[in-house]
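In what follows, subunit A forms one complex with subunit B and a second complex with subunit C.
And now, the complex of A and B:
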């Protein structure tokens, strides 16, 4: 129980009759780097707002370190939002000086390190910072408060490739040295594959795939079957999740009972059967596209 | 030792790491007793999850290729280099076989199929040996 940094069970939320979350479950182990994936409108931001205690779920419960997200728990979380709004009249140094007293566990060492590695100009006013600089400043503020859990809503959105690499590297360094749990949403599957230990893909307000990346890559296979005499209507055995037909070929994405599906395909007359492992991109597209 | 991984590949990163470390040992880029980069250093350098590195090192330890000494890191084991010597010898056997087959006019694909066929027969023989 307490090994989970985030645990959500059956979250439901509607806005004016529009269902945003439809029974979402989440289990984020402590110390994991957890990629939160889904199309725009799949419910990611709503989920994050509920986790932070900024919104209430209609049904279900969300716990952070085993407790409801009350103020005391929130202090253990560092948070970077999509809209990087900060006080426009302050400089970088002002914002840091302003934020620091709210957090008794403020880490001067991390503050200094991030000022240096992110090359943030202390005397520049916030509106004069580039989008990338603002993201880095938000990250500095989130990390330096001594957070045990970082919740990052698209932390690398709008950054150039070099800045993305810098941010990812700092997140890795942080996870390695402090054991910080990092829960981040992103549309960049490549960066998720690079740093995440776990992922969840959500679609239409519920989790459709979750697990460690390594296990998912090992478990899922794409089975392609070519029918020399043309495709026939077939009732597939259990496990065949996403079935697509193109000409004489059927492609099946499966996460279990792969041998069963292959055996069934081989038993059909005049077929050629092949199976391949899948990339995260394929896994993602198959799960959010078909339904 | 230069390690590069491709996170977008369908092969899990820890398996890619294992492959490359084994390859480094086979080519003697890494030798018995030498230390592998620390888990943290490798994770930060490659910008990959620290647990991925830990998993790769643990699996290599299980296969007897590295030794993990607590507090000081991971080292290439003696037995791993013994295997390397065997594999170096095997390489020359392979080389002369391939040379002769090529000289006999076989294509790369044909040689590959022959090789796979041999291995499949070996597997089948082992299998029937076990089943008895």
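And now, the complex of A and C:
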């Protein structure tokens, strides 16, 4: 029995010579709300396609609840696709009626609740729904499956701020009350910061930052050094991950040996040194910019 | 539920094809044409049954890709394929249900076409023994199944529009090749359904049936391999 909902080791995938994944490792603990971050084209959707069994990795392995992503495992997964497309010839009620029999643990209570909360019109055909409404319908379909794992590709895409808030609240409630693992990709760093317990930032097909959000915030510091006489070329001690120069200031993002870097900075003549914790946005931007 | 989905996706073209078969049968009746004051037109038995072969191309589907619910492709078709793939269903089952449904619809249209041929036989001056006509219909159905399997094969890797064109092109190429290469005539489905039809020879073309069955089975087996191997 594994305590990981998702485990990916060394995933590699190329499309026509273009590398989409370059040895991606993932470990998503059961019960976590796991934010999956990266720029467009970083490999997020490719990873999700491999996890769902839609595509195969060229190298490496992906397991869900310890098994390869086969049909039986998908009974335990709720899924929201990136483009939120559903069968255009069905109504909201039709697509619910269609999906329900595939899932023995279908939750009628959640179905009713989300139909009401999201104000979804049962008799409206899918093409007549806005993207936001389709997002809500897909969330309803994913959650009502009674799934132990939700894989959500940009779940709040197309939603207005009030609806985003509503969806995030529901996801937190679901994780808290049912112990559901939620693995979601998003470009909205503020919403990830609001609900995620763990994050991974991927860039060019591999993980560049991973851990619990609390640990990462504790671990990373930004050290700003202002040089009164202009910036000099300095060889920094170990631990400086990303160094950026802006005029007479050097900004260092450090994940370890923070004290050593601060001590080195203070030993330099005519400098002012400050350090502060970083936001998820800073952490993300620093890593994807540099890489 | 997969049957329901398949039905939703094929019902419009299926009903249109049934209507087309009935219209074709109606215009074959010289009485109705005479009453309408139109120039007499006659479709022979092969042409009418050829309609079910055409129908089989239009009814073939890959089983994974969502197909247009109507006759026009609509928004969201390919995106919704990912929703289908996220269901706890094997690709074999998705493929099997869709292929079976299309085949059942093809069979219904074929039977309708055969009944239509029987009903309009005076108009098309078809003086055939009922058993010979039955043999012809059975042989024609094997031919239609082979055409359907070819449609399924193309549908596993081509979009709807290209699938129909690829099927037509393959059929035309087949006719040209059969006219140039001296293969045994008993293996030529079109030949056996026309000049060497059971209506004329009064015998069942067993060799052709075996060849068509083998061809259909091979195409469907290759198709299911493609469906398993393909990435979406």
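Convention: the second predicted complex is superposed on the first by the 290 of 291 C-alpha atoms of A that agree within 3 Å, B and C clash if a C-alpha of one lies under 4 Å from a C-alpha of the other, contacts with A are read in each partner's own complex, and residues count from 1 in each chain.
Note that in this section a contact is a pair of C-beta atoms (placed from the backbone, for glycine too) under 8 Å apart; a residue touches a chain by one contact, two chains touch by 3 or more.
The structure displayed is predicted, hence computed values, not measured ones.
Chemist: Subunit A superposed: clash or fit between subunit B and subunit C?
Modeler: Superposition check on subunit A shows subunit B and subunit C fit without a clash.
Chemist: On the A-aligned overlay, A:99 touches which partner chain: subunit B = first, subunit C = second, or both, or neither?
Modeler: After superposing on A, A:99 lies in contact with subunit C but is clear of subunit B.
Chemist: So if I put the vertex at the Cα centre of subunit A, how wide is the angle out to the Cα centres of subunit B and subunit C? Nearest 10 degrees is fine.
Modeler: 150
Chemist: Touching A:169, do we find subunit B (first), subunit C (second), both, or neither?
Modeler: The answer is first: A:169 touches subunit B but not subunit C.
Chemist: Quick one: is A:241 in contact with subunit B, with subunit C, with both, or with neither? Answer first, second, both or neither.
Modeler: neither
Chemist: Does subunit B (first) or subunit C (second) touch A:79, or do both, or does neither?
Modeler: In the superposition, A:79 touches subunit C alone.
Chemist: Please indicate which partner A:274 is in contact with in the superposed arrangement: first for subunit B, second for subunit C, both, or neither.
Modeler: The answer is neither, since A:274 touches no partner chain.
Chemist: Pick one for A:178: touches subunit B only (first), subunit C only (second), both, or neither.
Modeler: neither
Chemist: Between subunit B (first) and subunit C (second), which, if any, makes contact with A:193: first, second, both or neither?
Modeler: In the superposition, A:193 contacts subunit B only.
Chemist: Once the structures are superposed on A, label A:33 by its partner contacts, choosing first (subunit B), second (subunit C), both or neither.
Modeler: The first partner, subunit B, only.
Chemist: Once you lay one complex on the other using chain A, what is the shortest C-alpha distance from subunit B to subunit C, in Å?
Modeler: Superposed on chain A, the two chains' closest C-alpha atoms are separated by 26 Å.
Chemist: Where on subunit B does subunit A make contact in their complex?
Modeler: Residue positions touching the partner: 7-14, 39-40, 43-44, 47-52, 55.
Chemist: Show me the residue ranges of subunit C that touch subunit A in the complex, using the header's touch definition.
Modeler: Against subunit A, subunit C makes touches at 1, 4-5, 8-9, 66, 69-70, 74-80, 82-83, 85-90, 231-232.
Chemist: If we count contacts the way the header does, which residues on subunit A are in touch with subunit C in the complex?
Modeler: Where subunit A meets subunit C, its residues are 49, 52-56, 70-75, 77, 79, 81, 83-90, 97-99, 101-103, 126-127, 138.
Chemist: Touching residues of subunit A toward subunit B in the complex: what are they?
Modeler: 31-33, 165, 168-169, 172-173, 175-177, 189-190, 193-197, 213-214, 217-218, 276-281
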